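Letters A, B, C and D mark the chains as written, and numbering starts fresh at 1 in each.
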């Protein structure tokens, strides 16, 4: 029996979607819709929530909005699933302040990127995580997203941080599947250390390789699909895993419906998730944070077609 | 029954390693060793050979050496498995000349990258493949290796080339597993179109996702391991697939043994493969093409340890 | 007579160094030293101050520290020179909040980057600057620093923003001297529009090409040198310009003294400026923000040698 | 008196344009037009010719075409100016073969890039240049063009090669003006070592900084303009330098006339140079090598307008 098919005692594993942030047409955070998203996700079987991630438009939220989102999700969750929260700031001191704020508002653990806007070397990246961990007093997960931070978390740094208990896991959105597999192999001896993939369409391979969980933006739309895939993997039913992944990969094409000249790549994905949730009756509006464009009627119609062809509508 | 478990009529599928080019200590191509590599691979169960790929040090070979390598492999193979050959040149006219030369010397199909050194746009990349195909009269495979050519094969271009029968398949060494999966899904309706991964340690996930073959540099060292993995996938035994992949991923750590200050990343991988083949008694010397450094005694000892721990020595 | 030799009515031109942020050995912002830096710069002839730039370690400062720095500099300046302040946050809404705070504390104009951590397209970048300008009510300068934000300010966007009066100028730290020259040529017809270079060692060429000012981190160390260069350019004495630039380029080698394995590129430059200011008696300590390493005794000695050989010690 | 205003004994200095390769409408190399280009350049006052550079479409030429171009230029030149020739191949052994061929056909010196398609480290790059120099027996210039080779020539490697007499100079097309200035300063003590800029619109600044020459693709169109600029710099007349540069920068906008969706960035520049030379009556046709698109009538008309407004038509 392989590790992937073993039930583990990990606190954080399974399906942990990055919760989107609904906005009303007037631009304000729509807390009623956000509460419905929380229910939609937990009803779909997710095993945790990632609050204030990139899919939550965290770089676009003011501090007051970040606090409102955290408070709303924590309140609605009511302890049903663990809450990981992004402490998303440029560098160490700011991350610590942000992280403490989120813990005070209900976060169980924090998700921390490499420094950004700053130009760091490997030693600084390592010291950054050590200083944050020492200051915040909860589990922290390294979020490896070089397309946004411009710095890949070096594998040797990740390993030292893992072995020293500084980080409880890694959320990998690096797009580097070779380093992902190497991280899995190199940390296999650490009980409880968790490796999550952030890439929606390669979860089957990640699970076969031993990944402990998935943080899919698309999980906002179809949490139950990801849960079925993770359960099938735990049961060793890889044909079912792949079949579910193929369906979810087809669903993921909603992110390619927007006009690339008008809508940026970042806005296209999040806008598609929001539009799908409007179509599913979960949220009121697909409005995006300034300066991102919202999806229009033609794009909404294309997304509805895909939802229908994948069994969601 | 999924596509991955269906026997296909594909001419090119399964395990198609990029054949390394042994050199003697004096720097000349060692054809006797090269012939033993061919036997080692075919005895190991490979279903094709990729001649003059990056792992064959093709950018380092003179034209005379390229011809010698092609002739030697074709002669020793004697038609046992199909031969794909790299037509590795900067742009269209040069690729065509190189490709024709290789077909004349025995290549069954050609492997063609996007233009390099040149600065191309998508339209030029598409025209490049169309012009090469029109000129060479054999199957061509697109080799997507942006780390070397500095240009990712755009997915829409690949699809048009696939649907128009210009390319018979893609060898993906892009490191972009999301686009790899999207290519698989988008070409699933094209009978015979072949998608290969070039990444040694994520073959399990690629096969689960429906990949038709693997072109592993590490396959020079352990062709039988990759063949077992592909066969297990065809039989739907994913636990065996993963177990074999885990062992091969451990074996792959031979490429991390060299001193990075002395040996470049490119030379480290190829040097490790050659050193392992010396230790396995297949080739005479681990000499590299100028200006790459060859691996030393300490690095050789480290590689021997890994070969032992993975059952090869 | 060329534009470069004409006295202009620009509010912002000449030498506008990005003010460093001194810290005490205990890590707190050292306001007494910061006040001495302000005097050192104004006594050296600078024509403006750039507060809370990258050289001011802005991504490392907490909000309270940013306010303390802004207040301290504004107080000590007492209106002697105009103050440009960085409104350095990820995206639009956060930049607006930060900018308003800085204007309230005394900033005359704001310096705004393209969005970062976010993944933006050209339309979003343009809307970002328009939204910030509409909200803050003071002059804004676009700060083009793709090495940090991962997004080059597109030339056509910059031109539209310039022609529409959205931005009053550009601070270019893109390292792309061709686009810098093109921006100068394309905005030459806009009276008052200001183009500054942020690169310390190519100011001579930038001035010859018509640049209106320089924002040199090294100007913290030798403001008078940069002032002499700008004055010589205004007088058309290009031999003097080049001679001064050669001396300053030699002085700039202080940034290459730190051990690259220990000190990151970012910390090396700022640490060298701080160390030089300690040696010049302007600030108390060369301490850096966490997690950046401070320069050590050997590096300090090397910097002292360079200060001596360039006439500063 | 500064170095820039001193007459030097350098064999290679001044204006050394990379000669374009005219093609007839049928795609063949048009040697009659090429001979007229040679005369046009020498009549314009150039002090050398760079044969088979990127502007000569070298990656697009077959070996037979490369030999034809080299032979044609050498024959027409008849020893009037020195000939630098690109030995443009992926790695060491291939560069040596190519270089020897060009020397046999009349090249006085060779221009050599870092290895490409290969993935090299600094040690390999250094050994590459040393091995080429040892084999070819003529002066070699390092051509630093990371946008094409994907590897910046490291400054410390360039310095060691310069001090050991391996390279006679550097042609810098790196777009990194800071490293360009540092190279100038660091090699100022080496008599005869030559640093050339390849960037058409920042030659004024490069000359002010002490550059010894310029290798401008645009020099195919207006060699006399570049010669005037270099002469003005030697005379210390920097107002004239800048005025000439401003005019040439305006002329350079011909490269931005093509439709970017149809014509790649590479093809746009070369196509614009060719189109201008057709308009000037120097060559017969503006045909490009496959797969690059040639400029059309609308683009030609736009270029004619620019030629008129800059005094060439």
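The definition used in the following text is that a residue touches a chain if its C-beta (ideal position, glycine included) is under 8 Å from a C-beta of that chain, and two chains touch if they have at least 3 such contacts.
In this text, all values refer to a predicted model and were calculated from it rather than measured experimentally.
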Overlap of the chain A and chain B neighbour lists contains none
Counting shared numbers against all numbers at the contact of chain C and chain D, is it over half, same, or under half, different? same
Using CA atom averages as chain centres, what separation in Å is found between chain B and chain D? 36
Which integer distance in Å separates the CA centroid of chain A from that of chain D? 49
Residues of chain A touching 2+ other chains? none
Topology of the chain contact graph, where touching chains are joined (line, ring, star, complete, other): ring
Between which chains is there touch? A-B, A-C, B-D, C-D
Chain A touches which residues of chain B in the complex? 2, 4, 175-178, 181-182, 185, 199, 201-202, 204-206, 208-210, 236, 238-239, 241-243, 245-246, 249-250
Counting only contacts in the complex, chain C reaches chain A at residues 59-63, 65, 88, 90-94, 97, 115-121, 123-125, 127-128, 131, 147-150, 260-267, 289-293
